[in-house]
Amino acid sequence: MSEPRLKIKLTHCVHETLTIDVDLAISQECVILFGRSGAGKSTLLRLIAGLIRPDSGRIQLDHHCLFDSQIRKHAPLRSRGIGLIYQDDLLFPHLCVAANLGFGLKGRPRGEVVSRVAEIARLCGVDHLLDRAPATLSGGERQRVGLARALAPRPRLLLCDEPVSALDLEGRQSLIARLAAVRRVEGTPTIYITHSPTEALALGSTMLVMEAGTIIDRGTPLEVLGRHGATSMADWSSAQNVFTSVIDSHLANESRIKIDGGPTLIVPTLMRAVGTPLVVRVRADDILLARSQVEGLSARNIVEGTVDQIVRHGDEAEVLVRTGSATWVVSVVPTAVTELGLNPGVEVFMIIKARGCHILDADV
Amino acid sequence: MSEPRLKIKLTHCVHETLTIDVDLAISQECVILFGRSGAGKSTLLRLIAGLIRPDSGRIQLDHHCLFDSQIRKHAPLRSRGIGLIYQDDLLFPHLCVAANLGFGLKGRPRGEVVSRVAEIARLCGVDHLLDRAPATLSGGERQRVGLARALAPRPRLLLCDEPVSALDLEGRQSLIARLAAVRRVEGTPTIYITHSPTEALALGSTMLVMEAGTIIDRGTPLEVLGRHGATSMADWSSAQNVFTSVIDSHLANESRIKIDGGPTLIVPTLMRAVGTPLVVRVRADDILLARSQVEGLSARNIVEGTVDQIVRHGDEAEVLVRTGSATWVVSVVPTAVTELGLNPGVEVFMIIKARGCHILDADV
Amino acid sequence: MLSDFAPLWLSLQIATFATCLIVVIGGPISMVLARVSFAGKGLIGGALILPLVLPPTVLGYYLLQVLGREGWIGQGLEHTLGMILVFNPVGAVIASSIAAFPLFLLPARSAWEGVKPDLEDAARLLGRSELSVFTSVTLPLAWRGLAAGAVLAFARALGDFGATLMVAGDIPDRTRTAPIAIYNAVSMGDSATAARLTFAMSMLAITALWLAGRAQPSPARGSRS
Amino acid sequence: MLSDFAPLWLSLQIATFATCLIVVIGGPISMVLARVSFAGKGLIGGALILPLVLPPTVLGYYLLQVLGREGWIGQGLEHTLGMILVFNPVGAVIASSIAAFPLFLLPARSAWEGVKPDLEDAARLLGRSELSVFTSVTLPLAWRGLAAGAVLAFARALGDFGATLMVAGDIPDRTRTAPIAIYNAVSMGDSATAARLTFAMSMLAITALWLAGRAQPSPARGSRS
């Protein structure tokens, strides 16, 4: 992790039963702020943005002190360099899209404003909407315009408070894809509130879980979702193996992909050319382990590897298996570790169904 | 499929570019109406409920004609026997929860009203809220009260227009679980609009895909999502095996449950007493098939069964396997069917990981 | 001293009758304006709040033209029923009703508009008849706004000066209402009477505003929490 | 015939001054009432709309008490500056301003309240100063409501009768405004003059209501689509 760009240490009493009390540092990454309604996530964002003045503490962004209760400093909103998007787009209804995008660029040379508006509009996929009034846009378009407006002045920090929760599936995917794309180009540190594990996995490099005003857990989205996921919806609560790969060949009813530095996998037919780069994802739960080569199984992939490490936590265990330069995570119950005699260095066969290999586009 | 209870054949021009044109029959089931924003899903629901008068066609519910343009019949809302819940709960703000629940029972004997309100409140999990004013409830509670109110008069049809889309994850799960529970008890035919595959899989037995005003596909949620689902979000596109069961015994690091009329499964440790009834769910994707007993696998459950039927669609196949009186769905690639020589009547072994068995509370 | 309060008592009686008239006529009208779309709705809605900005003497002039003994309606009523509408308390009731009408109409219209039609549809789908929907949903949710409007209209009717003076004149014990009596008292330099009546009228106006403020639904009420 | 219109011309002048006074004083007041929370806000807000329901003669009486040659302010001004406020056009401007004030205050307050503070915060986060936020976001979104209020207040000031009559009297060419001239014409049986003035005043009132209706933001505008 690089040098922290945002350092926050503050306490703020929201009401009798909720006090925000956090101490954290964030570098150039997308941090997911996860937690149930009423945990104080939105309040924390508003405290950082300066919409609410914290009771005490200190907030520092890059080399700027935004708030310091000791020297009674509370930087005005206009000098914070923070972009904010909400569930509710806050477009200026009396200005066209282009004027909304240029709103935060006041005072800069005309040519610079024009080129920056064009650039950010293209990145956010709203370049065909520049003449339109906000009232004529769809919900998804409005949110993308809101994102572009927030990013146009190149903020030092982007805060997102459930920006997709009012959108339909298409609008969600579109906004998330745009946000991911802009983040790749501009690298703006981002804090993103959501209660959707899918969004967390799609966007986040770090995930913070907030409960009753404090950060109770921090880690990668995978680790954290594994620890805090809802037990009855285990679909997403499992570790993922994600590898880059290319399409190797097409067979009758299936395709073959070659994982970079790893084995070849059989997957359901892909409608792409041989050589297309892909990202493949296999859930750690979807892999079985065997000590010897097994025959007559419905699973299409049997991959030989070596046990690297065994991590136990609670009533499950994760076995790390190395094949070539790729390391796989396989979830098993602890009993299986004992019964199969799994130890570091042992040879194992990973059994993976073709349908257990999920293909993600490489550019997402 | 049983006798259709709702028959709809209508056309209605919404605006220049959208005309609703559907012809469908629905029996005693939960039908998911799926599609993107603007496809006309909500309008179709409002046409059925009678909130909008169709341009032409005929709607018949059980033996009642709700609308017939030929005889110029448009039944008044009050005699339709339709329950409706929205994204926006429509609780009467001036009445307490109990009065809201009893609102549709006017004219029935006092004792009947009281007992029905108590019964439906319990089913929907709002029996502790009866004295409260709607304004004091959380979003999830309000939606559960709305559901209970709609069901209290035992409607002939329940219409749900994205009832959970404004709720957080917990609220969603709670409302969906309650709706599923009430449907089991009361068997009310239901049409449920959503764009969430998870909700579709959790609730639906039939799924209709609507686009540009017409139904473009119909099938089980699995088949339909397979054809229309987003390719990069495959987590939810799998069939589920759901069985009732009881806890059989507790072992060192795991528990054993007995499926009603079926085999015994080893699952991760359960913190409940032996004999506790449970619902267990195994994704069709999480099961492997083998033709012979295999040894030395990390999977904890190997269950013998007989292939009942093989359903192929596109690049996947579903194998129905019978064990005792329980039938399982197993998803495999078509190649596996050929290679393993799977045919109806063939003996197979289902390989199921302990962690692949998800426990749901029985009363959910 | 006691006779000082005769105009006040007369004003209260006239304002009460005027308020009843306003509510009975304005209730249905405000509901139609809030709920029904028809050609010329904007025109009618505008005409009905015209008394808010029309000079009271202009209003009085029109009323005299219509209701006066030479007017279309006034002449007809006098010839058929022997009833005279002007320069008597009936004229005062009519004049102050019309002057005060917009103060009822505006909040009443908002009150009806504030009841979400979706809620009424929900009640219908739950099996209720139109009458039952009105009495158990619409009216309970709208009544605070209607009450606020009625109180404001009462206060405005109580205080009407110009229109009443034009239509009903200044006849002691018949049409000399409190506002007219105040004018007379000031004109004649009777400071004590003017002060007493002014104080009483002020208290009534303040009470009315306070009541209307309490009854007025806050923006959130009646629709959602 | 020409002199008939002298009262109308005088009324227009007085109403124009009154409207300017109302906007200059009422603009900031309405904004404070819409935006700032303070103790006694309800009381002050209520007092400012009291002229809506207070009898105009009561209003006139109070103004005479305060501004009259014996009143607290009137006496002071006369002794120091030799300025007399009552029974002259200045008195008419003051009386009609106060009578018309609530008709500006109510829509203006709603207009300010209709501008979501979140939008202003968004503008601040985009680097704008308070002045820039006001001129590029707040005012553009509120001005239709302010304009509607100003037009309504103008119409009401134009039509004031009771308060003006009490404070400014009925002095030809000085304080004889159109509403007072109509009363006089009717009293003296000069139907032709009354009809002409009434027609002119009615047209002005209707125009004002029409303009206000056009300027008035519909509930959805100015905040969201």
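The letters A, B, C and D name the chains in turn, as written, and every chain counts its residues from 1.
Note that in this section a contact is a pair of C-beta atoms (placed from the backbone, for glycine too) under 8 Å apart; a residue touches a chain by one contact, two chains touch by 3 or more.
The structure presented is a predicted model; accordingly, all values stated were derived computationally and were not measured.
Chemist: If you check the contacts of subunit B and subunit D, which chains show up for both?
Modeler: Neighbours common to subunit B and subunit D are A, C.
Chemist: Select the chain at the greatest separation from subunit C, using centres from the mean of Cα atoms.
Modeler: A
Chemist: So the centre of each chain is just the mean of its C-alpha atoms; given that, what is the distance between subunit A and subunit C in Å?
Modeler: 62
Chemist: From the mean C-alpha coordinate of subunit B to that of subunit C, what's the distance rounded to whole Å?
Modeler: Subunit B and subunit C have C-alpha centres separated by 56 Å.
Chemist: Cα centroid separation between subunit C and subunit D, in whole Å?
Modeler: That gives a centre separation of 22 Å.
Chemist: Could you tell me which residues belong to subunit B and also touch two or more other chains?
Modeler: Where subunit B is concerned, no single residue meets two or more other chains.
Chemist: So which bits of subunit C are touching at least two other chains?
Modeler: There are none in subunit C.
Chemist: So that we know how the chains sit together, what is the shape of their touch graph: line, ring, star, complete or other?
Modeler: Chain contacts: single closed ring, each chain with exactly two partners.
Chemist: Determine which chains touch and list them pairwise.
Modeler: Between chains, contact exists in these pairs: A-B, A-D, B-C, C-D.
Chemist: Which residues of subunit D touch subunit A in the complex?
Modeler: That would be residues 116, 118-119, 121-129, 132, 136-137, 140-141, 221-225 of subunit D.
Chemist: Help me check something: in the complex, which residues belonging to subunit A touch subunit D?
Modeler: Against subunit D, the touching part of subunit A is residues 49, 51, 76-84, 86, 88, 90, 92-94, 103-104, 106, 134-136, 149-150, 153.
Chemist: Tell me, which parts of subunit D touch subunit C in their complex?
Modeler: 42, 46, 49-50, 52-58, 60-62, 64, 103, 152, 155-156, 158-162, 165-166, 178-180, 182-183, 186, 194-195, 197-198, 201-202, 205-206, 208-210, 213
Chemist: Report the residues of subunit B in contact with subunit A in the complex, numbered from low to high.
Modeler: Within the complex, subunit B touches subunit A at residues 36-37, 139, 168-171, 173, 195-196, 198, 230-236, 238, 252-254, 268-269, 285-286, 288-292, 294-300, 315-316, 330-336, 340, 342, 351, 353-356, 358-361, 364.
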